[in-house]
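First chain A sits with chain B, and in the next complex the same chain sits with chain C.
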Partner chain A sequence: MTSDNTLHSQAGGPAADSGRIELNPDRTPLYVYGLIMAFGIVAPFIFPSYTTQIALLWLMILFALTWDICGGQMGYNSLGNIFFFGAGMYICAVVQVGMFTDVGTYTSARGGEQLVLDYGDYFFSLIVGTGVAAVGCVILAVVLGRIVFGLRGPYFAIGTLGLALAARELASTWQWIGGGSGIAMPVYPGLPHEKSVVFYIMFLMLAILTFVFLRWLYSTRFALAINAIRDDEEKAEAMGIHTLRHKLVAWSVAAFFLGMSGAVFGNLTGFVEPLEVAFPAATFGIFMVVMALLGGKGTLWGPVIGATLFHIVKEVTWTYLLGWQWVALGLLIVVNVVFFQEGIMGWMQRKWPERFGITVDQRLSASAGGPQSASQGAKEAGQ
Partner chain B sequence: MNPTMIAVEKVSKSFGGVRANHEVSISVPEGKITGLIGPNGSGKTTLFNSIVGYHPIDGGSIKFEGREISNLLVPQIARLGLLRTFQQTRIYGEMDCVKNMLISVPHRHTTLADMFRSYSAEQKEKAEALLEFVGLYQKRFLLSGDLSFGQQKLLEFAMALMNEPKVLLLDEPTAGINPTLINGLIDRLKRANEEFGITLFVIEHNMRVIMNLAEHIYCLAHGEMLAEGDPDEIQNDQRVIDAYLGAH
Partner chain C sequence: MFDNINLLTLAPVLNVQLLLDGLFIGAIFVLAAYGLALVWGVMNVKNLAQGEFVIMGGYLAWHLGTLGVHPILSMPIVIVIMFAFGWVLYLTIIRYVITRDLFTSLLATFGIALVLQQALNLAYGPEVRTAESGFQTHAILGGLVTVAEIKVISFFLCILLAAAVITFMKKSRMGQAIRATAQDARAAKIMGIDTERVYAFTYSLNAAICGAAGVLVSMIWVIQPFYGIPHSIRAFVIVTAAGLGNIPGVIITGLGLGVAEQYSGFVLGLEFQQATALILLLLVLIWRQIQLAQHRQVVQ
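Take a look at the complex of A and B:
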């Protein structure tokens, strides 16, 4: 009995509490969350001149997290997720403007008369517009998902990219929403610095909301199902998993948060136009992929780490390597994709598998009986 | 006489000019182990694929518990309780064994809300118990892609049991498994049949295995039904011997 107990305790850490199975438990210490929250709250007061840059950091984290749902966890590499960002932005703009004036007349004036609202009207329209954008993007994801999820591998990537580019062309030619000259958003009723802090808070909240939601989502059956689709979709079908249903929900979740972020971003910029603001497929659209790959796709923290690192590198090169910034960024992408495909979290998981719960259990069996009863007793005592 | 679980009647399937199955008829009785043998390229896997809805059939009918299933899709058939394992062994390689097991719970009556639930304690216990049943308990937290081929095969079998199928179609369950493990696997197949009441329909090349396992055996050659009978009859059937020795 004693010898068996010793054997059991030698198995050590993770094996000892393996009696309880948890799906993708988040073992992050609380102080990490505390530090991030503390930074998030005090940052605009310590670095007032960087408020918008740090707000964009939260947006980048949201981008990477939402891309990773399909791209990392489900193995469907979308190059067109930026579509929902732009669609949300336009939906919100139309709703906001439409609440106070006729959209067609407003856009045909080409920004000649910008909407000036008071605080109450401004925030009410912003909140309603963001809500409609989120719901609208979910509907778009479900409808368009039925088409694009018939495609696999590289065809899916190209198909989704085509979706984003088609939306961009459509927005450039659709005169009702301003065509190529875009829509001027309502003017923020307060001072510029106040505006940057207000939008900082909104992006911070959106990023936290996305992270908390995904943290929960990845602890449900849903995570296992989309991981199964990533590993072998044909097997998943043969086992009776509702694959299309899961794919549509995964994309809808991404669309929901991207739509909201687009809605808020349009209001931060104050001006929505198709090429650079709403559907920047070659910048934001690619950044969200690169950030998730850099941090480690298919993990909860990978996209967060990747987005932070990428954003810092990007801001530093833009400041100190002006003229070479795209070269530096391109180099980072090439090194990442060629030499470091697994990303930071993937590398850590390979290096320290036991920290991620990948362990051999010394016990041969879970059941009591014979010499195993000692370890069974120890397990129960431990709980 | 046990009721028929799978009734295949005059099923034909061609790929271009290749006639993979021609008017093949079989029936798999409930609670029994039925075997399917035949030389390479005789159309065994094609027949399996036809049954589970992997491709449309050219003619004939396939009934599962009396219900026509030849027009259903793969996941729909799987949810009826007719499951198959793959010849090449397919598991979810980037997930650990426990997760492989948990995602294999039956999806028969799942609703949209079910996908956001967690697993019950019973399901988790069952997953561990079945992993123990196939001898993978110690390795249950390892990534299944890192297991050996034979262990992956055992995992795939355990995943199929987790799904609580009524009928399980096994495509060469012992291929690539070392001889000492094969006896253990035969034993487990028999126990799955007896204890869990799962009807088995097995493709097998290893004659010793199939003669031990099956109560009734069908032999295919060149896409057509060559012979059927109990193991003794099949072993002494001159046509079967000729087919395997290449007289055809």
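Take a look at the complex of A and C:
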């Protein structure tokens, strides 16, 4: 209903004359983009010793943004998106190693030998591996999506969590890809500092690519369709939206970027291992949910703000908490979810709706707490 | 893998061992799953901290064991402590979750699980522990099958606990109130039932059941701060497969899962034992979805 109002109000405006309707317009002033870009470019020169930390900040932003496609915009709260991160990492590792030697014998050597490549080979294999990882993750998303998107509400969250954990178990028992002891990635041919700058640039570019793509995506009719799925899936289906197709595309977009980020991250750490690096369901897998929720899910800037805030606070306080950091993280999740679920952007939008160009009926927006309405919960309980 | 299957057909006695071990473990899974079905059915809260409650109960028993209390005797104490803990948790967090959407309860209890496992890790360290009960192990059927007395005792304790809880739900005033609230919370409220108190009691009862299950786990198996997640996953598998409010289904599925895990651990290797519950979870979800799809086609 709310999106209907927005449509009508804008259809009467000048945008309607050109035949294009501007949906979810991004009203961020240009200087914000300029400042972020400027920071992104000069950061490794101002803070050379923190290059990797800032590179991880871009990775976190990518995580939060990709989680928000399904979790925030479509209302399908996945707990297992980390699956694509790990899958991309493994696909890339296998491709990169497989280009130069036999994967089985390489992994059975248990890291005894490492691939040493020159610049040309290294970057060629990295680019090919990343590309294959992205495509492979999209294929995985489409295939697995057909299974998991039949699940609703809590079953979807549990099913995706199970998917990530099962992939982790599978990777640690599959000897061809190294099993529990993992795969050593090819050695970076240059100096360590040069490596951190190169990977910083890659993460920066990936984050920008993700953001720009999603900014465009959220301004298309596709975003309206997935928002409709979030608000009421059955009605959306009745209105003629092919829900499964939209869900698969949305998940594939997330998988595409997560796969690429996983491929690059694997090369950054130089070692791919199932528990801590490839499928860290309890760290990165949860961080992405927390960051998107903290910033405000279902908005373009929310995940960016949440990821930035979370990453900075985490990096600064982590070492001072002396082992209590995980307890603090759990408490943060509980407090965030139970008492502050709208997130920073949601709070700001409620506080100053006119600044975001929102003309929403307050009574309607107050009752739309989340993707699963109370009535559906009652239905579930009544089964 | 095929060698192991051959071994099972050549020496059928080994099946007895696997079956017995599976049933002994499965009985404990049933307890945790029953608690989850209770909370899920009555309050519509998907408690992801289920396994952590189990592990917490186990650590309480282990801790009392170091103070000289026998694990079996510590069970009533653990039940009381876990009941109080559940009540506190309800008043601080769960109360605000019940009316919210499904994901909120899932993520909030996941946060609770994270806090619990890390707190246990800080308190007791990451070592794998077992509470010493001091019972003997007997070899039967020509020494091929070993049965620990403690496993038999724990099995009967499980049955006793389950019977106690089910009788409580059927006969007592509070149990009736819980069932009434599960059927229709609004009508129950109109009839004068303090649903808030019913919810608090249900959540605490779940924590107590899980704590008791944890005591048994600590005696016949191992506990470790991070072993809670598999227990949660198992509880979800059982409840999802059996359906809410289907007590015989929960019991059969729970025992079956215990046996299935023992068999997969034997046939595929121990490293697959962990994955069994996960793979079964995915299979159960897929099966559920096929059923749903058929249902939809009928409607069309």
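Methods note: the second predicted complex is superposed on the first by the 336 of 383 C-alpha atoms of A that agree within 3 Å, B and C clash if a C-alpha of one lies under 4 Å from a C-alpha of the other, contacts with A are read in each partner's own complex, and residues count from 1 in each chain.
Everything that follows uses one rule, which is that a contact is a pair of C-beta atoms (placed from the backbone, for glycine too) under 8 Å apart; a residue touches a chain by one contact, two chains touch by 3 or more.
Treat the numbers as computed from the prediction; the structure is a model and nothing was measured.
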Using the touch definition from the top, say if A:276 reaches chain B (first), chain C (second), both or neither.
neither
Determine, under the contact definition given at the top, whether A:286 touches first (chain B), second (chain C), both, or neither.
second
After the superposition on A, what does A:170 contact: first (chain B), second (chain C), both or neither?
second
Which partner does A:102 contact after superposing on A: first (chain B), second (chain C), both, neither?
neither
Looking at A:159, would you say it contacts chain B, chain C, both, or neither? Reply first, second, both or neither.
second
Taking the superposition as given, does A:298 touch the first partner, chain B, the second, chain C, both, or neither?
first
Now for A:241: first (chain B), second (chain C), both, or neither, which partner does it touch?
first
For A:194, select first, second, both or neither according to whether it touches chain B, chain C, the two together, or no partner.
neither
Touching residues (chain side chain B, partner chain A) in the complex
52, 74-75, 78-79, 83-84, 86, 90-96, 98-99, 102-104, 106-108, 110, 112, 114-119, 124-125, 127-129, 132, 137-143, 159, 163
Chain B partner, complex, touching residues on chain A are 14, 18, 21, 23, 217, 219-222, 224-225, 227-228, 230-232, 234-243, 245-246, 249, 298, 357-367
Can you name the residues of chain C that touch chain A in the complex?
41, 44, 46, 93, 96-97, 99-108, 110-116, 118-119, 121-122, 182, 229, 233, 236, 240, 243-244, 269, 271-272, 274-275, 278-279, 281-282, 285-286, 288-289, 292-293
Enumerate the contact residues on chain A facing chain C in the complex.
77, 79, 147-148, 150-151, 153-155, 157-159, 162-163, 165-166, 169-170, 172-173, 282, 286, 289, 293, 323-324, 326-327, 329-334, 337-339, 341, 369-374, 376-378, 380-381, 383
